[in-house]
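Shared between the two complexes below is chain A, which pairs with chain B and chain C, respectively.
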Partner chain A sequence: MHKDQIFQTVQEIIQDALDLENQPLTLASSAKDIERWDSVANIGIIMSIEQEFGFKFDLSELDTMNTVGDIVEAIEKHM
Partner chain B sequence: MNKLDLFCQSESMTRPGVVRKLKKTLSEQANLQEKRIAVLGGSTTNEILNQLELYLLNCGIRPVFYESDYNMFFEEIMFDNPRLDEFKPDLVYIHSTTNNIKMAPSIDSTDEEVDTILENTYSQFETLWNSIEAKYGCAVIQNNFDPPPYRPLGNLDGTDRRGLTCFTRELNFRFAKASRERTGLIIHDIDRLASEIGLNNWHDPSSWYAYKCIPGLKATPRLAKSLAGTIRALFGKASKCLVLDLDNTLWGGIIGDDGVEGIKLGRETAEASAYLAFQKYIKALKERGIILAVCSKNEKENAIKGLEHPDSALPPENFTIIRANWSPKSENIAAIAQAINIDADSLVFFDDNPAEREIVRQQIPETAVIEPTTEFASDVSAYIAALDRSGLFETVRISKEDLQRNEYYSANADRAELQLQYTDYGDYLDSLQMTAEIGFFAPQYLERITQLTNKTNQFNLTTIRYTLPEIQAATDDPNQLDLYGRLTDKFGNNGLVSVILGQQEGETLSISLWLMSCRVFKREMELTMFDALVAEAGKRGIKKIIGTYAPTPKNGFVSDFYETLGFTLLEQRENGKTVWEFPVDDDYSNQNTHIKVEYA
Partner chain C sequence: MKTLRTFTIDDQLRFAKLSGDNNPMHTDPGFARRLMLGKIVVHGVHTLMWGLDIALAENKTLSHISQLKVKFAKAIGIDEEVSLEWEWKGASLSLKAHVRHELAMTVRAVFKSESIDAPLVSRSRFDKDVLPNDADSLELGLRENLQLTLDSSLCKSLFPELLSRLPDAQTAAILLTSKTIGMHCPGLHSIFSGISLTVPGERPEYARYELIDFDERFSFATLDFQTPLLTGTLTAFQRPKPVEQPDFSALSQMVENNEFNESRALVIGGSRGLGEVTAKLLAAGGADIRITYHSGKAEADKLCTEIAEHGRSCSCFQLDISSPDQGMDAILEDGWLPTDVYYYPTPPIFQGTAGKFSQELFEQFCLFYVSAFSSILTRLRETGSAFRVLYPSTVAVDELPPNMMEYAAAKTAGESICKSLSRQLGDLAITITRFPRLDTDQTVSLYPVRNEPPAPLILATLREMSN
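Moving on, here comes the complex of A and B:
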C-alpha cells in the first residue's frame, strides 16, 4: 500500500472518530492542534486503525507517535 | 435502527464514528427513561461508559453518568464526596477486577494467613457496599474477579490457596454468597464473561500498558452489553416472552412435508441432537418464568404433531399460546402480545428465516429479533449461544412470581374461555370466586412491589419508578399510606397485583402512586383497592384524597379513572396532568361488589 493511500485512510479514520466532517489533515497534524483529539478519542483512533489495517502497534510506537505522519510511518513498517 | 437490535447481534460495535451516529439516532427515541448511574472504576472506564451508553439507549434507558477518577473507586465512596452526593445515583456500578486486589497471598503464606488476607479483601468491598447503601440507598452492581492473565504456579495456581487463581475463585464464592444475602447487591460475573470472550481477548496487554484498560478495548463492547442486560433487568425492563418459529427452528425439516417421522429431533443424528438441545434450553427458560409462544406458518394440526414428537422436550402444553396459520408473522406476533396482554417490547422473536425476521423487524420494531448466528456457526449449532448471549432474559433475582408466571398466563386463557359462557359480565365475575388480600407493605413483598413500579405502564396513574430502598423508606415513614393487593380466583393465585402509595399531610392524602398489573384488568380489583384506601383514610382522620393523573403514551387507559371513582376535577395543567379530589366521609359505600376482601 502506498504512503498516500495509507494517509488517506488514516485521515478518514481520524475525521470519522473526531467528527471533523471534511476538515483536511496533514502529515504534521497532531493531537496538540486538534481540540477534540484527547486521550480518550486517541484510544478510539488507534483501535480503529489497528482494526482497519489488521495489526497491532508495538508499545514503543504508541509511546512515540505524535503526528499523523508518525502514525503513517508506523503503519508502513507493519505492512 | 430497531430497538434492541444491538442485543440480538453477535458482533460488536467499536468504530467511534459508528457508535456516535448510532447514539445520536437512539437518543431521539421517545420515552427514554433517565437513570443516574455512577461508574466507579479500578481501571480506565471512558470506553466502558461510551459503549454502555449506546447499549442502554438501545434498551430505552438514557443514562446520566458519574465517572470516578482513575482507580479511585474505594476512596470516592469511603471519603466525603460532595460531587457524588449531589449526583444522587440510582445505581452504582463498581468496575473492579482482579488487578485491583491490593493484597494477595504470597508463596510463604500459611493457610491461616490466606484466610486473613481473604477476609480483609472481602471486608474492604463489604465496607464499600455498606457505605453505598447508607449514603445513597441504591442498588450496587459489583464485578466479581476475572481469572488472572498469568499463572506463576501453572495449573497449581487454581488449586493451591497461595495461587492468585485459587484466591479469586474463593473471593468469587464469597461475593456470590453476599449477593444472595443482600437484596441491593448484584454481581456482574466478569469471571464468566472473560472465559466467554476468551482470556486472550479479555486481557489485552497493550490496552493495559498503554491505556490502563481492563478488559482490552476490543472486549469492551461485550462488557457493556452484558452490563446493560443486567441494568435493564434491574430496572424491570427485561424481556418476558419468547416467540418461536417451528420448522428449522425447533426441529430440522418441514413438518408439513416431512411428517413427524421425517423431522430431525432427538438423538439419532448430529443435527437432531442440536435441535433437541435447543428445545431443552428453551424448556429451562420456561421453567424460570419466561412465557413461550409459537408463531409458525403451518397447519395448526401439524404444528401440534411436531411438538408431540416422541423426543420433544417441548410438548404443546409448554406454550401459553400457539399461533400456527398462514397469516403474516407480524400479525400473529401482535395477536400474541394482545392475547397475553403484554407490550410488544417484552417479546423476543426467534426464527431461522431471514425474510420472516425482516418483516417482524419492520412491522413491529419494538420486538427484539434474534440473529441466530455467532462468530462460530450459522446453523442450528449457533441457536443456543445466540439466544443465551443476547442478555435479553437477564434477571437479577428469581422471584416466586417468576416461577408462577406461566401458570398465571395459562389461567388467563382459561378465564377467557369461561367468560364466553356468560352473557352478563357481573355473573362472569361472580363465577370467578375472587378473594382479595389487602394489607400494608410487608417485607416479603417489597421486591415484587419495586418490580411492579418499574414495569407497569398501562394502569399506572403517575408512572413514578421506585428503587427497592425507596420503597423500603416509604414503609418506614408514618406519613406514608401504603397498600398492596393480592388477588386469588378459582383458577389460581394472581399474586400481588396492585399497589397504592400516598403521602399524608394533616387531613389530606395525596396519592403518589397507584398501579395495577394488566393480569387483572376489568375484575373490579381497582374498586376493591379504593374501598380499602377510603376505609384506611377514614381511620387516619383524613378528610380528602387528592389524586393525580400524569399522562404517558401508554397509560391512556386510566385517563378518566379518578372521574369514574367519583373524584372531581381540581386542576388541569398544561402538560396534560390532571388533579382530582375526593371527600372522605361516613357516607361512602363500597364500590366493589364481586370480590371478597380479607385484610392481612
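Moving on, here comes the complex of A and C:
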C-alpha cells in the first residue's frame, strides 16, 4: 500500500474515532493539536488501525508515535 | 436540538436499582473518590437511555431499534452539567453528550416503525446486595447466561418514552449492557467503552455474554453480547485498581530508627497517596505525627491504627481546604505545635483539556495550591513557633503537558508564594520539590505509563529538610 493510501486510511480512522466530521489532518497533526485526542481515544485509534491493517504494535512503538506521520511510518514498517 | 441536565446521587441510585448495575463507582462516594474522576461516575448507559428517551419523544412513529452504536469517551460525574445534542435524519438518530466542554458520548441509532415480535421479560427486581465481580484476571471464553429484567414502574418514571415505545426486551437489553460490564465482566474495575448492537437474524433463546478478546496492552475487553432482540459486541477497559502504598513495615526498612525523632510533623492531606507515605516514613523514623483528611476518615483512621500498632504516634483531624481555620484550631487546641509541615492536598490533577484554558479549573487548583496553603501558613505563624515546610511541586511546571496548563500554572503560583514568603519572613524555611510522576491514585492510567515509586524520592526530601 502506498504511503498516501495509508495516510488516507489513518485519517479516516482518526476522524471517525474522534468524531471530527471530515476535519482534515496532516502528517504533522498530533494529540497536542486536537483536544479530543486523549489517551483513551488514542487506544481506540490504535486498535482500529491494527484491525484495519491486520497487525499489532508493540508498546515500545507506541511511545514513538506522536504525530499522524509517525503512525503512518510505523504502519509502513509493518507492511 | 439541545438540552441540559445534571445527574444526582438519587438519579444514580434509581438507575442502579433499575439496571442491576450496583458497581460502587456509580453509587458510593467513598469508593469513587479514589478513582480517576475522584467522584461518583454516572453510568454510561444511564446517559445513553436519557438521551434516547428525550430524542424518541419527538418521533412518535418508531417502535424498535434496528442498530445501536455507542462510544463512551469521557466519564460524567454526578452534579456536573451535561449537554445533549441530537439530530434526526428520517429514522436515524445522531446524538452527542458533552461534559466539561468535552465530548462524553456519541450515539448512532437506527429505528424501525414496523412492530416486532417480542419475548417476555422478567418483572423481578435485582438484589441490591449483589457485589460486582472482583477478579484480577479475565479468561477468554468467560461466559454467563443472563436474565432480561425490567421493573416497568421504575422504568416508567426514568425513561417513559423508551418504556412505551420500544419492546421491553430491547429496553431490558440496553439496561443489561450496563449490568454485564459493571457487575460481570470486567466487573468492579470496569470502564464501559462502547456498544455495537443490531437485531439478530436468528434470535438467541437466552441473554448471555462471552469474553471473546482481551488486549493485555490496554486491558481492553471485547464481549459477545446476545439477547433475543439485540445482539453484538460490548467493549470495556479493566481499569487499574487504586494504588496501595507500601505498608509501615516495608517503609520502616528504609528509615533509621530515630532519624526523625525530634520532629513534630503536620501532614496536611495525609490519609492517602504521598501524604500517607510521608506520614509512615516520618513515623518510622520516630516523629510525632498529626495528619489531616477531608473526606477519607476511614483511610486516615486506618493509617493512624497501623502506625500505632508499631508503637509510634499519629492522630488525625478533619480539615476542609476551603475553610481550614476550624481544622487548624482543632489540631493546635492542646498546645501541640509542629516543627515540620508537609502540604499535599490536591483535587484530581488530570482535568484539563489540551489547547483550552479553564478559569474555573485554574481557580480550583489555586484554592488548594495557593490560597489554602497561604492561610494555613499564616495560622501557624500566628502561634509564634518556628517550623519548616515542604511544598511538593511538579515537573509539569517545566514540562507543561498539554492537558495540564491550569495545574502547572497554579503550582507555579504556589512556588512563587513559597519563595516570596521565604524571602520576606527570614525564619521560614520552605523546601520546594518538583516531583516527577509518582505512583498514586491520581496517576493511574488506562494508557501504559511509567510512574515512579514515591517513597525513595519523598524520603530523600525529608532527609534534605531535616539536615
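Rule of thumb we're sticking to: the second predicted complex is superposed on the first by the 79 of 79 C-alpha atoms of A that agree within 3 Å, B and C clash if a C-alpha of one lies under 4 Å from a C-alpha of the other, contacts with A are read in each partner's own complex, and residues count from 1 in each chain.
The rule is simple: contacts are C-beta pairs under 8 Å (C-beta built on N, C-alpha and C of every residue); 3 or more make two chains touch, one makes a residue touch a chain.
Every value quoted in this text rests on a predicted model; they were computed, and no experiment measured them.
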- Where does A:I43 make contact in the superposed view: on chain B (first), on chain C (second), on both, or on neither? both
- Task: Return first, second, both or neither, reflecting whether A:D33 touches chain B, chain C, both chains, or no partner chain.
- Result: second
- Query: Is A:Q51 in contact with chain B, with chain C, with both, or with neither (first, second, both, neither)?
  - Reply: first
- Note on the structure: Overlap of chain B and chain C contacts on chain A, residues 19, 40-41, 43-44, 47, 56, 59, 62
- chain A contact footprint on chain C (complex, rising order): 71, 73, 96, 102-103, 106, 193, 215, 217-218, 220, 237, 353-356, 402-403, 445-448
- Query: If you look only at chain A, which of its residues touch chain C in the complex?
  - Reply: 19, 31-44, 47, 56, 59, 62
- Partner chain B, residues of chain A touching it in the complex: 16-19, 40-41, 43-48, 51, 56-57, 59, 62
- Query: What residues of chain B sit close enough to touch chain A in their complex?
  - Reply: 14-17, 20, 46-47, 50, 206, 209-211, 213, 217-218
